[in-house]
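Here come two complexes built around subunit A, the first alongside subunit B, the second alongside subunit C.
Let's look at the complex of A and B:
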């Protein structure tokens, strides 16, 4: 597993993780895709089953990784591996999708250790849909876990919106940078 | 222990009231005095908003009851009283209070304020802010600083001074952002342990996050 410092993008299949990473990555993101399985195969010809990878090069040469986690739950085991050396997490939730709160709970459960350490930002896509719950319901769901996380309505196809998500996640990571040693060390190898 | 002085905030708008309430306790170190905001007449110094319609009445009232009168105005001159020019700046306020204090003009005409007594209670750094909830998406879009202020408070409360240093923003700007976030119900005042402020971990966030922020063009 790549040991560089990184930010993670997670969320259900098709929510826009690949799109978000592509909008801010310096290079064309590398997407490891395979045929979908189960019911998903009927609606999507390919799905990200391993991970998406993009990167941002800083002026001093350090490279920050941008990882999109697997969309399908059968690859959840990779979440634990990806959390290593992560500095923050963007959880993308499709507001129009039935069970969007359940989706959120799944990621709050799966990334609990990372969220407790670095925080996370929740990006609500298709937020104008009337099918989803009230925005406050997401805040309440997060509060039940004892977290206070920003919930940002966004159009993930817009770079400006992806930057807003990154601004939020960086703002949460910034105090860790202040508190010496709280962020993962730069990879020496 | 700094000596106590009172500053009466008279006819000021709510937002400036809040800014001054936040600023005044921070001026202790720069002025050698403890400047305590009050609404009570008979203060050492009275701040009067001369730009408001009720400015003349408030000025006359302050002249009768308070030790020294300062006119807050957008103009360069406040007539025969001390002038504090808008926008409010902590440095300008500190300089003015030092001048007034040095001139010995702070004794109120009516009841003495016991101005040489030490301040009772906890040190001023025990006042801080905690995050209550993040602002709405629209607010965060419109005010990028709000994200950073809330991010600074997400794990633990911090003093105004500490938030200011963390963000690399001046105290006036930080006080303004905190006051507005308080008005939105996103932050609230709270007591924090005194050692919390001024610890090495409170320095401005440099390095990695600043470079990343710069690279992505955010903030």
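Let's look at the complex of A and C:
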């Protein structure tokens, strides 16, 4: 019987969700990219509008499903859909982006139900930028929501850093019970 | 009038001209929406109140997923995404690379007529949009359709 757990990556457009999943997925990742428009088109040609998907197979046979959400608020129905049966969340925040704390608040709000159940890991990209607030500001922001969540500085272009985020979020997740997350066995009759 | 404003007006004129044609051609049609490929509404004509922002975003998600599913299934291109519900149909499709068309119709509409009319509209808009900017509602893009 396959044992599967599902984890989400979320965060603003362009922060590196698609890149992160593609970096560590054992299979060809699934992406749903569409041509970017408006101000976004000045910084990237395409953007995710449905989901990203990849899989990592652990040595014990467990399969970790990696799901990336669209970043823009107008796709928040995908946030709701993708939270179903998820067992952990990585929120990627670009420290160099103006309004990075507002970004964090948006995803703490949007994924509040999941975070209350499973916790989350905050991955802070471009953390060496002097443009962003003090790192403590992210901890304080999270604390205002009543959470204690790890804030991990990372370079999302490095598989090693993405794996570190995954290890953190997996370690926070409840282990699978025997009847959780498993695909039904086929009837051989 | 600035060049950008003039070109944006032209985009809207091209799209709005298609409404009459589509509504005339497809009995049972009650809504048409043009949006950017990444789900920002541009212009719509609805015969009843609907959330155009949500519909535009969902059209983008569906068409993106449809294309990915087609490729995963060894197929080349997703022509349409069709939602068939108890009450009718919603069809979404690409217009070139940067635009989407969604059409909403009652259940008594001929699906074949709806699909062929949407395809004709897509081709008509593509042919007439060369060089026009794709501008979402309130947006500032000056990107050209390709």
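As a working rule, the second predicted complex is superposed on the first by the 162 of 189 C-alpha atoms of A that agree within 3 Å, B and C clash if a C-alpha of one lies under 4 Å from a C-alpha of the other, contacts with A are read in each partner's own complex, and residues count from 1 in each chain.
In this section, a residue touches a chain if its C-beta (ideal position, glycine included) is under 8 Å from a C-beta of that chain, and two chains touch if they have at least 3 such contacts.
Remember, it's a predicted structure, so these values are computed and weren't measured experimentally.
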Check whether A:30 is in contact with subunit B, with subunit C, with both or with neither, and answer first, second, both or neither.
second
In the superposition, subunit B vs subunit C on subunit A residues touched:
B
Where does A:114 make contact in the superposed view: on subunit B (first), on subunit C (second), on both, or on neither?
neither
Of the two partner chains, subunit B (first) and subunit C (second), which one does A:75 touch, if any: first, second, both, or neither?
second
Partner chain in contact with A:62 - subunit B first, subunit C second, else both or neither
first
Tell me the contact category for A:163 with respect to subunit B and subunit C: first, second, both or neither.
first
Considering only touches as defined above, state whether A:90 meets subunit B (first), subunit C (second), both or neither.
neither
Could you look at A:139 and tell me whether it touches subunit B, subunit C, both or neither (first, second, both, neither)?
first
Footprint overlap on subunit A, where subunit B in one structure and subunit C in the other make contact
none
Report the residues of subunit A in contact with subunit B in the complex, numbered from low to high.
5, 24, 56-60, 62, 64, 119, 127, 139, 148-154, 163-164, 166-168, 170-175, 177-180, 183
Residues of subunit A touching subunit C in the complex:
30-41, 47-51, 70, 72, 74-75, 77-78
Can you tell me which positions in subunit C touch subunit A when the two form their complex?
36-40, 53-54, 56-58, 60-65, 67-68, 72, 97-98, 134-136, 139-141, 143
Inside the complex, what are the residues of subunit B that reach subunit A?
131, 133-134, 137, 140-141, 144, 147-148, 150-152, 154-155, 166, 200-209, 211-219
